[in-house]
Amino acid sequence: MDYTKQIQEIASKLFAEGKIDVFVGYRLTGFDENQVPVLIRDQKDVSQLVFNDRSVFNLVNYLKYEHTRNKRVGLVVKGCDSRSLNLLLTESQVKRDKLYVVGIACEGVVDEQGNKMQNCMECVFPDAIVADEMLGTPHEVRKYKVNADIDELASKGLVDRRVYFEEVFENCIRCNACRHSCPLCYCAKCCIDQETATLYNGANTTSGAFHALMTWSLHLAGRCVDCRNCEKACPSHLPLHLLHKWNERVIYENFQEHLAGVHEGDRGAFYKYSMQDPDDFIM
Amino acid sequence: MNVEIFVTDKAGLQKFYEAIIARNETWAPVEKFGKFDFKRVSSLGECDPDSPIATTRSAKPLFFPRSAKIMKYTADSTGTRVKETDEDPFTAKRVILGMKHCDARSLQVLDKVYNWDYIDNDYQKRRQNTVVISTRCDKAETHCFCTSLDYDVENLDAMDVLIVNGTEGKVHITARTEKGDAFLKENLDPASCILHPVSDEELKKQYQAFAASFRLKMNYKEINEKLSKIFDSPEFEDVSANCISCNTCAFVCPTCHCFKISDERVKDTGVRYKSYDSCNNGYFTLMAGGHNPRPVKYRRWRQRALHKFVYYKERFGENLCVGCGKCAVSCPVNISIFEVVNQVASNEVV
Amino acid sequence: MEAVANNQLVSIEKPEIVAPPNWEPVIIGILCNWCSYAGSDLTGTSRIQYPPNIRIIRVPCSSRVDPWFLIKSLQTTADGVLVSGCHPGDCHYISGNYYARRRFLVTKKLLNFVGFHEDRIQFSWVSAAEGPKFAKVVAKVTEDIKKLGPLHLYKKENFEK
Amino acid sequence: MEQLLVPMICKIDKVIQETPDIRTYRLKFKEEGLTEKFKWMPGQFVEFSLLGSGECTFCIASSVTRKGYFDCSVKRAGIVTADIHSGLEEGDEVGIRGPYGNWFPLEDIKGKNLLFVGGGIGLAPLRSLIQYCIDNRNDYKDFTILYGARTSADMCYKEEIKEWQDNKTLKVILTIDKPEETWTTNVGVVPKILEEVVKPVIENTKVITCGPPIMIKYTIQSLLKLGFADKDIITTLEMRMQCGLGKCGRCNIGSTYVCKDGPVFTNEQLKRLPDEF
């Protein structure tokens, strides 16, 4: 999967036609195979752009910052990224007419060791859903698969799970990198950071981490698109995908096979309801 | 100080480690979720003191805990009482194994800020009660640039005991401070070592090979000088464009020392904590009433870069960066502070 | 959970935590203003007894209950939480409880996944006319949570006097 | 460090509602002996903590020469200050750490004419110095106080201002931003009044100014226009602080720690700082 040339051509065409102010893409770090997101504002820098299976980071995240706000933006999206973009469009965070989206029919990206990422192996929608232009050959429709880690953990006993997650919360240093790297966390001030003392858990304690991670994952339940930006950002390498994948599974199984951001205008699972939702757990 | 170099082999080193762990409260790099971090260990099997991979987070949490209790208090109808917190677990006597050079150096840098004006007694106590055992790296990692900064890596005296791998499986153990000397006398079995009181030729050679393996090299004096002049450079806005303000760099940095104070209260009792904070945070400087001196990302980013390479230098005479590259390793978007600082400095405004 | 020697209760999630003698659980009840709160009122006025372990908080609607409330309750003092609202179709705000139902299911499952027993968080639909049902629900929740033992959440040790 | 951050407990002796959103709290130490030990200079600040809500930085608004108590004036602005306003009454207990920071250069201003320019809550740090100077009146020459507020209701320390007006050795000039029916004296923003009404003597005069950032900015501009030297203009800066000890890194402006090297700066010093306040 290498669309470097096509993307460079598209970007330079867009700049030449004056259609965009900023193009968000990837460039090489210059010293290893990894890539750095880059915001290009001038046609002469277009040659920096690359795209291959190391283009991991979800660029939709950059639509949150002042560098792209109120500007016409060109953007490269993979399948999972486009789902988050779709949600942002539905939630009125970005304007479609200010975006020029280059969609990729993604064949999966790799982690730093060069192994295919887990989420790519389980990916249901590898093709960009929102796009002005598509690169690559579209894939056939895949079936939703339950995450292997989830299966393994869910089969363990309550006490074991508690021990496992206690370790997770203890290792969290509450840098909030997960939140900042998430394309869907766009609130100006996160509810976890509201300094109203009775609700606030500002300290980096285990309990604060429990509170923060649980609240965060529940706010993303039914919205998380499994791009794994958070996991990549976490300096403690916490298995954050477990929380999201578990929620995704519960929602998929119980709420009419809902998957986040796969249809245009489709909101998160908590923004709608159905008469058929399970009721048996309520007395 | 009269430097004695003990020479032993890999097995002797393992024995040395075992003896330390058996006799002292020991902290060493332990693998968890696929990376290393300093943890309390009770046997050598749990940890890997010689791991070539540096810990993701620095040893900073052992001296400046991620969240320390300042006090507990009760406030009810009978009045307000402030209570002592529990015994600080970090002030006990302890040994840290497998610390890298850069980490050890960061403690010297932090000493400056903690000992000016108001002296941080807890930090002092933690420092005094800790024996730092450092292993010199054999090879530089991708993001390392410790040799490019204002300290002599070869003759660094930040650690108490230095371990260097020599040729033919030999291991050299030296004390670098009085504390380290006393510690070696107590814990090292001289029978397992040959004593070399004179030459340290081999150490020099190892260091030269290590220094030659660096990919990143810069002239810190030039950087200091250039950065101090370009506060208003528009370049900052460009280079910070792909930063996502995630704070990871500050939390893993061995020298970042900003903190916040927060209260938590349930009914009548409460605890006040001091915990890490980062200047990349949008509301780090937000004042009540809405005024924010650093309201946009590039200004916060600039504060962090200049604090590392200009402000701290002006104030305390040292760079607040030890060149460990931990921030670049952990950065989710692979921004390297080395590259960015050099890029800014190279675009000097007239 | 089975009682160990001396009839002491242990925490189901952390077996090393043993309840002090004569331990009584603390349960937070979050009730919707229009049905369940009125229902609990009816329970009182009709002199039906129910366990005193529940502390009641009134909210406008069951969909006002952010999962955060549940987490925070468990994190500070509560050993269990009961959320109660109108029966489906009876919501004062037309569809509030349908939204709430989805959120509750996910919250319950997620907390169970990270190692809390499912019964720590319970839900019920209680209408304004169902005074006896409210008493029954509270009795059941209290009994369930007594069986589960004390909840040891990371927080509590910080706040012991 | 943790010990340095533990506050001392104070009892609120008196609450004065100065304006709709400013209250002055008169504090006394609960523990005996602390009152004698707690010495401060005009311009210094304390960390005021409402246990459970958090800490706030307030300057001490009274002079050390008025013995036995100290005042903190609190404007309702953020979360903690809102809690302070709604939650604290006479007899309640709060935590105090301090005093921190530097103070007005008392030696430098001795024997000089003094011009105080205050706006809104900015009178609080000036009040500390004004009280100190009134109590050592013989050390100073002419004494002018210019104080401006948005409306007459927004003026704090009304009682005390009356006292100052009655004091024949002081000259007090008040102004409000917009005309009001009952208001008979000056109307207009502080820099305008400064130029048009006060017309200060420049020789041998020190100006001490404090107020909202925008007011300070324009006041300094008009002072320079009037011909004052940079070193004769003294102001106090506002930055977010948390530790007050020069450690937490919040109040850094360049290599300056406002909590240690400030909050009192002369305009000469301010010019050297990067423009980030």
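By written order: A, B, C and D. Residues from 1 in each chain.
Note that in this section contacts are C-beta pairs under 8 Å (C-beta built on N, C-alpha and C of every residue); 3 or more make two chains touch, one makes a residue touch a chain.
Not measured: the values here are computed from a predicted model.
**Q** Of the chains shown, whose Cα mean is nearest the mean of all protein Cα atoms?
**A** Of all chains shown, the one whose C-alpha centre lies nearest the global C-alpha mean is B.
**Q** Which chain maximises the distance between its CA centroid and that of chain B?
**A** So the chain farthest away from chain B turns out to be C.
**Q** So the centre of each chain is just the mean of its C-alpha atoms; given that, what is the distance between chain A and chain D in Å?
**A** 49
**Q** Can you give the whole-Å distance between the Cα centres of chain C and chain D?
**A** Comparing mean C-alpha positions, chain D is 51 Å from chain C.
**Q** When the centre of a chain is set as the mean of its C-alpha atoms, what distance in Å lies between chain B and chain C?
**A** Using C-alpha averages as centres, the distance is 46 Å.
**Q** When the C-alpha atoms of chain A and chain B are each averaged to a single point, how far apart are the two points in Å?
**A** The mean C-alpha positions of chain A and chain B differ by 32 Å.
**Q** Counting only residues that touch at least two other chains, what does the list for chain D look like?
**A** 52-54, 79-80
**Q** Using the touch rule from the top of the page, what residues of chain A touch 2 or more other chains?
**A** 195, 197-198, 201, 205
**Q** By residue number and range, which residues of chain B touch two or more other chains?
**A** Touching at least two other chains: 69, 260, 262-265, 270-271.
**Q** For chain C, which residues count as touching chain A in their complex?
**A** 12-15, 67-68, 71-72, 75, 88, 95, 98-99, 101-117, 122-125, 137, 140, 153-155, 158
**Q** Quick check: in the complex, which residue numbers of chain A touch chain C?
**A** 153-154, 158-159, 161-166, 169, 191, 199, 201, 205-207, 210-211, 214-215, 217-218, 221-222, 242-243, 246-247, 250-251, 254-255, 269-271, 273-275, 277-279, 281-283
**Q** Tell me, which parts of chain B touch chain A in their complex?
**A** My answer: residues 32-35, 37, 56-57, 66-67, 142, 215, 237, 241-242, 244-248, 250-252, 260, 262-265, 271, 273, 275-276, 278, 283, 296-297, 330, 332-336, 339.
**Q** Give the list of chain B residues in touch with chain D in this complex.
**A** Answer in residue numbers: 68-71, 73, 75, 79-82, 85, 88, 113-114, 116-118, 120-123, 231, 257-263, 265, 270, 272, 274, 277, 279, 284-289, 291, 293-294, 299, 303, 306-307, 310-312, 314-315.
**Q** Help me check something: in the complex, which residues belonging to chain A touch chain B?
**A** Listed in rising order, the residues of chain A that touch chain B are 29-32, 34-39, 57, 61-62, 65-67, 167, 171, 173-177, 180-181, 189, 193, 195, 197-198, 200-205, 208, 229, 232-239.
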